[in-house]
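Both complexes shown next keep subunit A, but they swap its partner, so subunit B is in the first and subunit C is in the second.
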Partner chain A sequence: MTTLRTPQSLGKAAITLVTGLVLAVLVVPIAVTFVSSFAQSATGVVPTGFVTAEHWRTALGLTDVGARRGIGSGLWFSVLLATGGMFVNLVVGVPIAYALTRYEFRGREWLNTLAVLPLVPGIILGIAFLRTYPDNAGTAFGLVVGYALLKSPYMVLTVQSAFQSMDLRRLEESARSLGASWPRTFVTVIVPNARGGILAGSIITWTLAAAEFNFTYMVYTRGPRPFSLFLYENISRAPFLQSAAAISIYFCLVVAAILVLQTVGRHGFTTT
Partner chain B sequence: MVTVELDDIRKTYGDETAVEALDLTVADGEILGVVGPSGCGKTTTLRTIAGFETPTAGRVRFADEDVTHVSPERRNVGLVFQSYALFDNMSVLANVAFGPKMQGVEKAERRDRAVELLELLDIAELADRAPETLSGGQQQRVGLARALAIEPNILLLDEPMTGLDAKLKDRLRREIGSLLDELGVTALYVTHDQEEAMAMCDRIAVLNDGRLEQVGTPREIYESPANEFVAGFVGSANLLDAQLDDGTVDLGFTRLHAVTDDTSGDATVVVRPDDIAVGSGSIPVTIREYQYLGETTSAVGELPDGQQLRLRLNGTAEETTVGTTVSVAIDPDGVAVVDTA
Partner chain C sequence: MSTTTWFELSAARDTLTPETERDRRRRRILVLCAPFLVLAAVAAFVPLATMIRMSVSADRFANVGFSVSAWRTLATDPLYRRVAVNTLWFAAATSAVSVTLGVAVSHAFAKYSLPFERVLVSVVSFPIALPGIVVAFMVVALLGRQGLVTNAVAFFSGQGPIDLATATTVTGLFVGYVYSLLPRATMVLRGTYAEVNTDAEQAARALGADPLRTFYYVTLPEIRPGIVAASLLTFRTALAIFGTVLVLQGLNVATLQISQVLSVGYESQIAASIGLVYFAFILAVTFVGLRYTEADVIRR
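The block that comes next holds the complex of A and B.
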């Protein structure tokens, strides 16, 4: 045989190369940001003066200087808002996804459209909120509702696909014939069996809401400054390294959130 | 276990009639098979007993108690599906203990009950496994244990063996059949496989197009089918035109003396392949098709008048080829009149 590569192994090499490139494009900026957040100066191409926690301290509002613009409270504020939005989606989105998958009913198509409709850009929903609820749009409550609405399609679509892969009707009928009421069936059988999808939906809605900028920028008026606004202001005014620290903190938070949600997903639903 | 009674059930979906004028009783401790082609209403019948369908008209009774409008979770019926429908978020043991848990049985007791059932079904070693890691046959055993754990009024089985391979089906059929007998379970066994129903059930109900065609023991259904549909659906059958005349059956190509009742006129009769002896009679049949099946050879032959006749070529010395002419005799006792004009 010849020593020429077969088309199949060529394709494999090409895919590996493309995947590697894409990963590099994604990961390098994050790594650079993370590393330089510990540098003293970033005026040149290569940041210098390692290692300092000064920017992290400033970003977290732990120094006197940073107290003015630090994100200390803002970061936790955003975490709370995103968590609130995620819970609204769990409570509303999971039953909607269930109904859409399990039942044929009048208006099903409409509900399906409505559930996916908030996939509008945040800026548009922001304007709509400002016009409709001028007094409440910028409050914590308004932000939670806005985040929940904006991210609900991700929850509904992900959970719906989990439900579609299950034999919902027979699972439900088995549980009910064994004496479980409908609500109990839903909580002890249906939801735990879809936990993969529910988990994915939770992670997506949380991380997207935690850094939502457009909507926040449109409606924000008072109260602690959400994380995305802090970042925006620091990119325009403050030195890059402080933003780098803030972005790094955000990434740490996202990783932590994913770990927490996965742990909950693995252990939190099991019933005996 | 109780007697379950369906009284004049009708179920319609819009203009579609799924079941019409259905009267059916499953006696205490009996396994009643429900067979018929797809769309005949057998699954609707099962779901009506389970409470997932409310009949448009008619009554459902458990031991004389009207349960027509009682919700499924209060009926205490065991369900076994073709697709198993096990709870993948729980261990095998927790699946079986789920029903007793819903009934409020104490933890230690429901555990004991689950273990006992798993032992009975010969899968005790699977107790801590996740259902999705089991084979189809094992999953179906778990499904059965789960349904039996609530000590159901009636056990409803919906095509429980359809997804399994032939050998396993045969083994499970025998095991489950004797287990249900032993436990004295009242059961409704829905299947499209008439052979499975014959093997497992005390009585069989044949449904067609939403109507009950006949209900009786496997032997009654097979040997005295009520009509052409039942004769054709259960086992293989030859439906032949005949002239009845005072105890004789004139098939055109032969006359038989055996029919006890004294009706006269045009009729359709059923002759099973088992009642046709090949190589001993005087009726010439030309073989047109045959299938060698190992234990038997199934063939379709042509009668002198051009009608087709299904027969079996067991134990004949003759070499079977298409075009061979064999002589056959029809056992008069095996002839059943199904339709008189």
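The block that comes next holds the complex of A and C.
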């Protein structure tokens, strides 16, 4: 019996070990960052001097530490930008997800590829925006439009997977046979039935837009500083513990997003 | 793209005054797709067309005149050949490692009863939400001068942490790429594993095949579409990574080179032409990849 069992348990042990290591590499830096943000000193193997809220207060802009700026109004600016991008994505993404799932038409495959794959990297879109909209690329308008395009695949994918699990034809036909017009059917029957997917898509696009860096870095020139640039300034210049606190603000946002996603039946931060 | 737009336009002509159910259906499809097409035109087609013009502009700050010097530089300067080689091998290697590890992780999720599985799935998906600059900081937190691994090794070996820090080397960058890519690969493969026919695996085991042979001959062919899809996704994602490289440096890849030619001397023509080559390459990889996998799998 032992000769039979050995290879099995050996393989299983190896895979479990790899999985454990992978999970550790993914989690440990997140945990270290979050825990460090409450420490007073980061010299030595582990941070020491718990618990202090000093770095959090600086990151949130509650104390005035000379030239080092806290997030201040930038956080609210990014919240507005992400919300704007999310609304554009709702208007753009939900209808096309329905068209692509419900109807067969010429050019459907092409349109589908265009809608669900992020084809233009943010940094390249940024360069293109700078020349195309020289006066507006770095304004709230330019940022919202850019975020909407960059994150739209996540909305379309998530809503599409919700539509795919529904019997759209039957839903549509029942509502129509009861006398509802097609627009009314779409707004009052189809959309409410996919609300789980739509909510999930909104949360994912919002969270990703709130910390979008590549595009923002390229087009930003002046005005309120978006959240991701605040993070970049911390990561590239601030002391370790200070950056840890700044990044932990975003961790809190992601954890909140994942918790809400779980209430609509999704496992983790993913579009499937 | 152009076929789609043409189709939508010609459909629009017929559907302004619909008389048949077929025309009404066309109008619905048009109305449903219109917002997306407007966004795509404003935020993608027009900017990309402008970028083509930008790459052959004679002036750095405005689209005037005509000059192919940027393209000539790109084609002849050995620097850009090196950048291209760096970009490709690094994206390919990090994708391969991420997908391999992703297979192991999703295998464990699917076959073994792990404790707190739902929490673990959330943990694996967490880095998908992190922008590249934050991923860079995760590498610094592990392998930087004040990093946990660096200081632990320094403590046990007696060497100085500054000599041991690898965050800003190719190794650190490699870890950063895998940190971004592995969760994406795992999430795709998890979907594929959910559809694996476990009866065939059990039959193979019952007939005396050991687990390794069962995996190789039964499971692997079944998850192959997922592996292709995950490889394509991670390769495309790796090509677009910028924030991580900007912070860690380590290797001169195309995205870093684009930002360097812009910050030093604002050589916008060169930036635009690299951007176009890049975009064309990503597009080509995507469509070649789509031929080798079911369109349905790629959507994940």
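In this section, the second predicted complex is superposed on the first by the 219 of 272 C-alpha atoms of A that agree within 3 Å, B and C clash if a C-alpha of one lies under 4 Å from a C-alpha of the other, contacts with A are read in each partner's own complex, and residues count from 1 in each chain.
Note that a contact is a pair of C-beta atoms (placed from the backbone, for glycine too) under 8 Å apart; a residue touches a chain by one contact, two chains touch by 3 or more.
The shown structure was predicted, so the numbers you read here are calculated from the model rather than taken from an experiment.
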item	value
Partner chain in contact with A:Asp167 - subunit B first, subunit C second, else both or neither	first
Greater residue coverage of subunit A in the superposed arrangement, subunit B or subunit C	C
Touched partner set for A:Ala175, first subunit B, second subunit C, both or neither	first
Subunit B versus subunit C as contact partner of A:Val189, first or second or both or neither	first
Subunit B versus subunit C as contact partner of A:Gly265, first or second or both or neither	neither
Overlap of subunit C and subunit B interfaces on subunit A (superposed complexes)	182, 269-272
Subunit C - residues contacting subunit A, complex	1, 3-4, 7-8, 24-26, 28-29, 31-36, 38-40, 42-44, 46-48, 50-51, 54, 63, 101, 104-105, 107-109, 112, 114, 118, 120-134, 136-142, 144, 146, 148, 151-152, 154-155, 175, 179, 182-183, 187-188, 191, 210-212, 215, 236, 239-240, 242-243, 246-247, 255, 258-259, 262, 268, 271-272, 275, 278-279, 282-283, 286-287, 290, 295, 298-300
Subunit A - residues contacting subunit B, complex	167, 170-171, 173-182, 184, 189, 192-193, 195, 269-272
Residues of subunit B that touch subunit A when the two form their complex	50, 52, 71-79, 81, 83, 85-91, 94, 98-99, 102-103, 146-147, 149-150, 156
Interface residues, subunit A side, partner subunit C - complex	7-8, 11-12, 15-16, 18-19, 22-23, 25-30, 32-33, 36, 42-46, 88, 91-93, 95-96, 98-99, 103, 105-107, 109-125, 127-133, 145-146, 148-149, 152, 156-157, 160, 182, 207-208, 211-214, 217-218, 228, 231-232, 235-236, 240, 243-244, 247, 250, 254, 257-258, 262, 267-272
